[in-house]
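Below, each structure is written out as structure tokens.
Heads up, the next two complexes both have chain A, just with different partners, chain B and then chain C.
On to the complex of A and B.
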């Protein structure tokens, strides 16, 4: 039954997932084409010094910031909004499966898709990065970008929770709470290795947000207004 | 049951957000600009001069008043004359700049020797990759090399910026003197000025794994390495590109030292250092100012770094205001981030006078529950009550934003 449910979710989300993934891969290639271009035009030593010691340093990977968020928004919206808007979610809730388990499986599928997309983009970025920069640059850069990837899980969880919530006032509250929490992950960074100390707190917030969708699912199932 | 636990998680997330934003909104909306108090040391009278800002609440204007060490008010023109190094441009325009001071001619060299800087004990972020410049180049200026160096457990390694590969020969050449001097790899800290915007290069000051201090530079392509005796653990080093100093050194107690270009080490006699110093130096004096929350102290030192005088003034600060007092009675704690560094710092309220509001919030919660004829001993209500009691206003708002339904 779970596999069938996953297949249903895959049909809903596949184009959004593939579209976001292709955009993400293109952005990673674009980032490193720009880096190589700058190295050629300015000279590798000058560009490296700008990356290391400009104040603020060149954050050559800043374009990557919103890619995981874009993936989460695309998957979240395509998975929940049409189904809730057309009230087809009621049909889903009548499937022969525990409703809480069903909502959890739907959310799990979304989170898995985001993980696959994030994994591909992350590995590609790290591979290109370590070819061009020494480990002393790659390590702090990884710390920073990981938090942008973590933000995608929080965004997805809040989209799912807001979309399934039957009450408009609560939807607004959830959306505002989600946006304020998301803003913590997107500071204007001015050095490599930003979020190093706050990363555990940000990861815990994202983890805590995972079961929130069950609350909206429970209220929807009860027919709350 | 699952939904009720999830609701609690939702409330906790809301409390986190409120603790992050509400105290900051409150402070920004009520905070007033503190009036400035500045302390100077006159090279003319060899005594302190205090500049205080005071406000006029009627027309909302603030103006500076100047006082001598005895507390007598002095006119602004007199104040400028007493501090010729601080007001050189204005005095020259007024035609009041003295030709000599204390029998010393105030030539361009002496006037340009004035330095002002801020020293911070907390080390700024560093990626531990630095370019090693030529310290005695044939042409004037500093040229950027093709490589950067790091000091890890294998020793010093020069990495070519273009190929991202180690330059084995150069690495071996520079590793040799470090090994001979007994350098313990890897380096704990590398401090210098990794910029070409300086007149000359002085190399780097490196703290090895055994907390020993070394000076490394490149002279005509050859390595120069010297150990500098330092007792204590080094926290940070602030290097200077000109003047008679190599650098200021901070130890792990925020105590500050100066290292002269003759490799002489002087301890700066500052009491209760908090890790932030405002340094001014000229031909006659070196001054170190330490600002605490409620007071500012100026230490005056001779050119040989011997203490001559010190003076303390109380200063205006938000934490002493009535608004801050109200803030402490509203918010039980707040969460802050260091500017730019994106680190969360939970700050518990040091003055525990917020408990009255916490009790009031918890009381209101119970009264409302009783009016609505709810059973207050239900686990969910007990949990809400506990959250409100512990987190006060945050918990109260959180619980009512996300109410519990049957």
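On to the complex of A and C.
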């Protein structure tokens, strides 16, 4: 049954997932094409030194910042908008499964897709990064970009919770809370290794947000208005 | 004496939206193998009842049971026995005809794919056609096909006639009646289009704002409830007698709806000193009786 539920979720999300993934891959390639161009012009050693010591620093990977977030938004919207439109979610809740389990499976599927997309983009980025830069650059850069990937989970959880919430005022409240929390993950980057100290807290916030969708699902099921 | 098995039992159901009362102490009992129609005007509480029955809404007080289980906590096994048609034949419009059948088949042990495809093949649509590109009538056929394939014991149909043209509505009703009677299915449905409904339902529950007006076999209702038309000399007559269930008039032409008979109505008019002419009993369908009972407004 769960596989059949995943099948439905895949039909809804596949184009958004593939589209966001292709954009993400293109952005990674674009970032490193630009890096290679600079290295050709300035010399690899000079460019690496400028990345390490220039003030303000050269954040060559800044384009990557919103890619995981874009993926989460695309997947979240494509997954939940068709469900809440025309109250189609009632068809889903009528399926012969426990309602909370149904909602949890839907959310799990979304999180899995985001993980796959994030995984591909992250591995690709790390591979190219480590080919071109020494560990002094790649380590702090990894710490920085990981938070952007973590932010995608928080964004997805808030999209799911907001979409399934039956009350308009609460939807607004959730959306505002989500935006405030997300802003923590996208502060100005003025050094490599940004978010190093706050990373565990940001990871915990994203983790804690995972079951929130069940609360909206519960309220929806009770017919709250 | 044989004990009646009730598939649906709602006891003392009361619900409010905020401070607005929808209904109070509503009792519904649907026996096994019967087709009950919940009829009412817009806003009478039909969809509220369907939502409570499906567990999508918690009533302020009271309880609804389906196969003995509280509808607020239906087990997957009981849900599997219930076919649900959502208002306007809403389905997963992002799927095509083939995908939707594949999706649902995984949830129902006794899935009858042939029943679905037999109906779909009559539509002259391709398996890859998306549901979002279909007409309302075609969507109704897909929704009906999915229910037939599910082969549920109880069918809950929420305003199934919405958006259907007369031909499709008649087709849907005849198909449904044939299927349910042949297989002993129980049906609970709502509709605000009463036309043709007499062909489908065995029992009727008519709701008006906050109250139940009629509950029982359709035949009993249409036999007992009568309508008369007559002309009076004045156009400002009001009837306070309990015999007059609903009286409407345009100028001096009156429509008088009652559970009484012709003699009683004539006696009432004479007792009030009203001279009448063109007194005729109406030949009423279920729709006429429904409008007579609930009023045109």
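Miscellaneous remarks
The definition used in the following text is that the second predicted complex is superposed on the first by the 225 of 225 C-alpha atoms of A that agree within 3 Å, B and C clash if a C-alpha of one lies under 4 Å from a C-alpha of the other, contacts with A are read in each partner's own complex, and residues count from 1 in each chain.
Convention: a residue touches a chain if its C-beta (ideal position, glycine included) is under 8 Å from a C-beta of that chain, and two chains touch if they have at least 3 such contacts.
In this text the structure is predicted, and so the values were computed from the model without any measurement.
When the two complexes are overlaid on their common chain A, residue A:98 makes contact with chain C while staying clear of chain B.
In the superposed model, A:212 lies in contact with chain B only, and not with chain C.
Of the two partner chains placed by the overlay, only chain B lies in contact with A:197; chain C stays clear of it. Touch counts on chain A: comparing chain C and chain B, the chain ahead is B.
In the superposition on chain A, A:7 makes contact with chain C only, not with chain B. Here chain B touches chain A in the complex through residues 2-3, 5-7, 9-10, 12-14, 16-17, 20-21, 125, 127-129, 131, 144-148, 150, 159, 161-162, 164, 194-195, 337, 340-344, 401-402, 405, going by the rule given at the top.
Only residues 1, 3-4, 7-8, 11-12, 82, 86-88, 90-91, 93-99, 220-223, 225 of chain A touch chain C when the two sit together in their complex. Chain C meets chain A in the complex at residues 17, 51-52, 54-58, 76-77, 79-80, 82, 84, 86, 88, 90-95, 99, 102-108. On the chain A side of its complex with chain B, the touching residues are 39, 44-49, 52-53, 100, 131-134, 136-137, 140, 173, 177, 180-181, 184, 187-198, 201, 205, 208-209, 211-212, 214-215, 218-219, 224.
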